[in-house]
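Take a look at the structures listed below.
In the two complexes below, chain A is the common chain; its partner is chain B in one and chain C in the other.
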Partner chain A sequence: MKTGNALRSLLPVLVILALIAAVPLFSPSNRFLSLAISAGTNVIALYGLSVLFGQTGILSMGHAALVGVGAYAAAILARDFGVGFWTALPVAALASAVFAMIVGIPSLRVGGHHFVIMTFAFGQLLAIVLTNGGDYTGAATGLDIAGPVTLFGADMSDLTRYYLMVVAFVTAAAVASWAIIHSSYGRTLRAIRENEKLAASLGINVGRHKIGAFVVSGVFAGISGVLLAYFLGHISPSQFSSFPSIYLALMVMIGGARLIEGPLAGGILVAFLPEVLNLDPVQSRIVYGVCLIAVIMLLPDGLIGGIVRALRVAFSGKPKQEAERDAAPSEARQ
Partner chain B sequence: MKTVLKLAASAALCLGAFAHPAFAEDNIVKIGVVAAESGSFVSAGHTLPAGVGLAVKQINDAGGFKVGGKTYKLEMVKRDDRTDIATAIAATQELVRDVKVQAIFGSETHDFTLAMAKITQPAKIIHFAGNSTLAKILNPDSVKPGGEDHYLFQSEPQEFQRSGSTARGVLSLLEPLLGFKPKKSVMIVGNDATGQFLSSYYYKALKAEGQDVPDIIFYPPDTTDFSPFLTRAKSLNPDIIHFWYNGDSTLTALPQALELGAAKSYFLFGVDPGIWKEKQLSADVPVAMSCVPVCWGESSNPKAKAYFDAYFAAGAPHGVTSSVSLLYHDYVHFLVEAWQKADSFDPDKTVEALLNLHHQGVVSDDLTFNPTHQVTHATEVCAAAPGGAISCAMQQPPAEAPKS
Partner chain C sequence: MDIFIQQFLNGLSIASVITLIAIGVTLIFGLTGIINFAHGEFLMIGGIVTWLAVSAGLGFPIAVVLAILAVGLMGYILERGLFRFTLERPTNGFIVSLGLIVVLQHVVVLFWNPNQKSIPRPLTTVWEVGGVRIASVRVMVILITIAVVALSFRMITASRYGRALRASVEDRDTAALMGIPVRRYITGVFVLGSALAGLGGALLIALFPITPFTGGTMVMKGFAVALIGGLGNIYGAVAAGLILGIVEGFSAGYGFSQWTDAYSFVLMILVLIVRPHGLFGGTSGPRMAS
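The block that comes next holds the complex of A and B.
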């Protein structure tokens, strides 16, 4: 893909994020800001998951565990070493990446459904370890995380400032994800996604690249965990167990894992749908289940992929196949 | 691109529509409730707004209350946390910053309460929560003026008191029904934050009462097949199996235990005898039940009947843990009395008044907060004999925590 075209694909996300950043100008409620911050931290993890699932074709059902590693790393660093937010960020990202590698090496020896089960099991295992970790992990009660988040001397604990900071991190995650998608590394990952055997026959070290993609997604998850921990001020194992992992996978599938807008759409939709429609958790799960079935059957590229395709067909009159080619980065056009 | 811009602009406008300015009337005092009215904790969650709502109605029907020569009425603003921490935090942010409540009640989930306190305490909002696990953070340093939890109050006794009172009640009621003094107990406990915390105290309480407790068996919170845990418990030949702490899980486990004949008697924490009767449960061995803090199906507390008649008449459902509402109902009255005594809504003066008052509540005629913001009162235990007769008792809690 030419650089101009590649940049054009990033522009809508940047415009949407700029508008999202402008939301505080409308004096939104603190409830909205709070939910948006939680959604934003999820979106950062989703951008990592989109690299793994959307580009490499590997679905992790234990991704919340990687977020948890980042969150617990930040909390333990703050408690035991007095390490603040900004130092915790790279360390927690590294910790999540290392954990992803440890999980990835044995898990990626198996493929497909087995990998999904393995990541799910590792996620559960982490929750069990945290729950039974005694005072070190705070056991089932979890850990408090104290200390203000400051940036150039400004206290970022204020809800609006924290919101803007999270939007900035989401933007960075989107740009990083876009850069990966449009790099030779991204093309390699997509080659593996499309045909592992063919990729291997071309000299691509499939196993190493799959682990690499998992590690990259761990970095995103670790950063997400630090932001979440400092926002909530308290973390516990239940926040990073199987259900949150399933929700992350659900968000990325509903939004669309292959397009840069997908994680953003999925994160916002799943966070705000119960709020807008006043759904209780049971109703929400039913709606998400129906959405997931609909997306898998009707919109394989997710909601955003479907919308883009529909818009192209509606406005440019392009035939379906051509619209599909335009909607997602294609190896033929690289 | 135009379409994208239009869509994005529409989205931003829609999101902006969430904004709604705080509204306050001169003679209305708003108090917030954050509780799980849906999701996995709904059983206990719905009791919070029901208990607080009843107290608000009672106070308003009595003409309100006077502070600074002016009469005020209460308004309850409740928010469903959907048993989700992100929603609980958003609800707390909304109540504190947008609605500008004077006090917050909830949540019933320990982790959520700790995260909520990070918002309520810097904002100097009086915060009542019925989690005995708050003992982990309520200490002389944290509750002193300027301390990080100065405005946080625990409306449930310290766990060594609740566990001690419960253990004494269970053993005293089961002994005559068994016809011998029970000596060996096994605990089966849900393995989550609350379960781990509660069981550590109840274990000590049983030991302090002379029980041999060879094992604490933890089960995953969403367990439905208890047979592996019950088989293990049965192998220890216990006189009593003590089920902690989720009433719904306990009611799932009990029939399996009875079928297996796992013990000579059972104790079900957090199951009201009212539910025992409504579900027409029966057992061929004695079964003790405890309520947090007073039972509605049968009670030795003289004020309980009038309270629960009003509680259920207001529309609250009969639940396993309906009595949890009393961990909040009494404290709305207590708080109003504190405001009246302080003659001010100033949070520091309110805290001072709360610490100096002796309040006559339903749970106890003498509700007081200790210097670390925790109450003391007994916990009611009832026991169903194999024939179906139910008897109840409230044993006073120990004055001090057991040493071991």
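The block that comes next holds the complex of A and C.
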């Protein structure tokens, strides 16, 4: 009964993703597909960020660095060891997870608001190290990553096929993040978010679980990095410095971090808004910034959370914090 | 030895600008709890205002005053309009400031393109003392910073406003009961910090060309220095700013310039791990807002 209830919260996302997977039937333009693929790689990282920020309540401002570790791991593996996409995927995910642990242990020790500053600093540091890494990291120009992505002998490099593959990965990420939210582990993380001291008094090892959540988000980021590297064919340090990190945080805030639809909505909105409104990059960034501020001030649960709440109010006149309970329907069971 | 003194002087002028940002950060973050990462953009706007004023034919001193006033006013509007509502939840304030970074940078790009902007040096005299070339503009920057820092320090430690402010940080409710308008002090500190960033920007553009993206690295240095020195501790910020500026000056002078930006991050990470309250001790994190 409870599982059915939880499954129902996953259903809308699966329906939306199925619709998205059907888009190639309408022969979309290459530009649309490219935008959608880069949005998709972002969404995968955002699902990791939603576990960290939405469930555990800690924000990483260096998340693009974790994506970068995955991307560079894939590129270096391909160059030095001739390792292909599918082998690089778990290795890069592991590399990002390890990097997340290395960053997380000292950063979470300092705690509080300093954590975001620490992650920001580590992210910047990584970009500087990559820039100064000489030939090994390709310095400021970065690395090329050649080599086709094959699946069961089929070449996936074709834009439409790559698009479908990314959609599959996004689906996997959404399901994984949903599974974490509805597991007892997710409940532990929410307990830490709501009241750290209380959680600790219940015997929850707060420090270890926070680092754990950061490592989990690192796995998502690493996978996103590999997909991004193979899609772009070229990576450089500036793609993973502070500003991409800000945009990732922005996307997760705009979509709302606590709902399963949030990361998907945030990633898609931020990628396609400038197309729809026909804005140039400068104007669209101003719009993003204003949106971010507006969302934080007016809709703390993100856009989707706000819409859900507005609908609830409109239909049943209950201005309760339903949206939040939606993300955590199992809490009532305790 | 000549190179040594030369780099020491260059480092000192960089340290001055960093110190001005860091004092703004240390006061705002340390005393009001607002984590304003857009502080670097405040600095950049100060530089842009100076550039506009000088380009319009005004003298440098007037341009500096305009920069201070403009950025101070911007700080007032943003604190009243945005940050005031985030006092209870500093992380929200932090995210708002990230949005502000994006908005402010690109508004500047939109109106005045993303290219480098520079002004003719306000002072062109260069003194030669025993083989060391001393640019008077650098000396000016250092002297202005010393004067401003001394003034701020005196205001915080000796005036009755400073005492009321420190009381508010110590215990907000009791301070409010004693008749201290705590909220107004928060606004005041924010405006003061912003004005210092405006001054920093005006001095920075006197030394180097700036771009709309200059703020990004500068704000990290400001936060690094504020955290290393201990939040809310002006003396600590000055000491840490000097250390960082001089280390950067030397490393640039001896051929490690590509690593200069890394020092502040490494130093900050180390200090936060080993001494979370900074090298010189500060408020134990922002308390006023929580």
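The working rule: the second predicted complex is superposed on the first by the 316 of 334 C-alpha atoms of A that agree within 3 Å, B and C clash if a C-alpha of one lies under 4 Å from a C-alpha of the other, contacts with A are read in each partner's own complex, and residues count from 1 in each chain.
In this section, a residue touches a chain if its C-beta (ideal position, glycine included) is under 8 Å from a C-beta of that chain, and two chains touch if they have at least 3 such contacts.
This is a predicted model, so every value here is computed, not measured.
Of the two partner chains placed by the overlay, neither chain B nor chain C lies in contact with A:Gly54.
Of the two partner chains placed by the overlay, chain B and chain C both lie in contact with A:Thr131. Of the two partner chains, chain B and chain C are each touched by A:Val282. Touch criterion not met for A:Gly302: it reaches neither chain B nor chain C. Legend: residue contacts after superposition of the two complexes on their common chain; A:Leu35 is shown touching chain B, with no touch to chain C. In the superposed model, A:Ser242 lies in contact with chain C only, and not with chain B.
In the superposition on chain A, A:Phe122 contacts chain C only, with no contact to chain B.
Of the two partner chains placed around the shared chain by superposition, neither chain B nor chain C is touched by A:Gly186. Shared contact residues on chain A (touching chain B in one structure, chain C in the other): 131, 282. Interface of chain C with chain A (complex): residues 35, 37, 82, 85-86, 90-92, 94-96, 98-103, 105-107, 109-110, 216, 220, 223-224, 227, 258-259, 261-262, 265-266, 268-269, 272-273, 276, 285-286.
Taken together, the chain A residues at the contact with chain C in this complex read 59, 61, 106, 109-110, 112-114, 116-118, 120-122, 124-125, 128-129, 131-132, 242-243, 246, 249-250, 253, 282-283, 285-286, 288-293, 296-297, 300. On the side of chain A, the complex with chain B involves touching residues 11-12, 15-16, 19-20, 22-23, 26-36, 38, 131, 139-142, 144, 159, 231-234, 236, 238-239, 271, 274, 280-282, 311, 315.
Across the complex, chain B meets chain A through its residues 1, 3-5, 8-9, 11-13, 15-16, 18-21, 37-40, 80, 82-87, 89-91, 93-94, 96-98, 110-111, 114-115, 118, 133, 136-137, 191-197.
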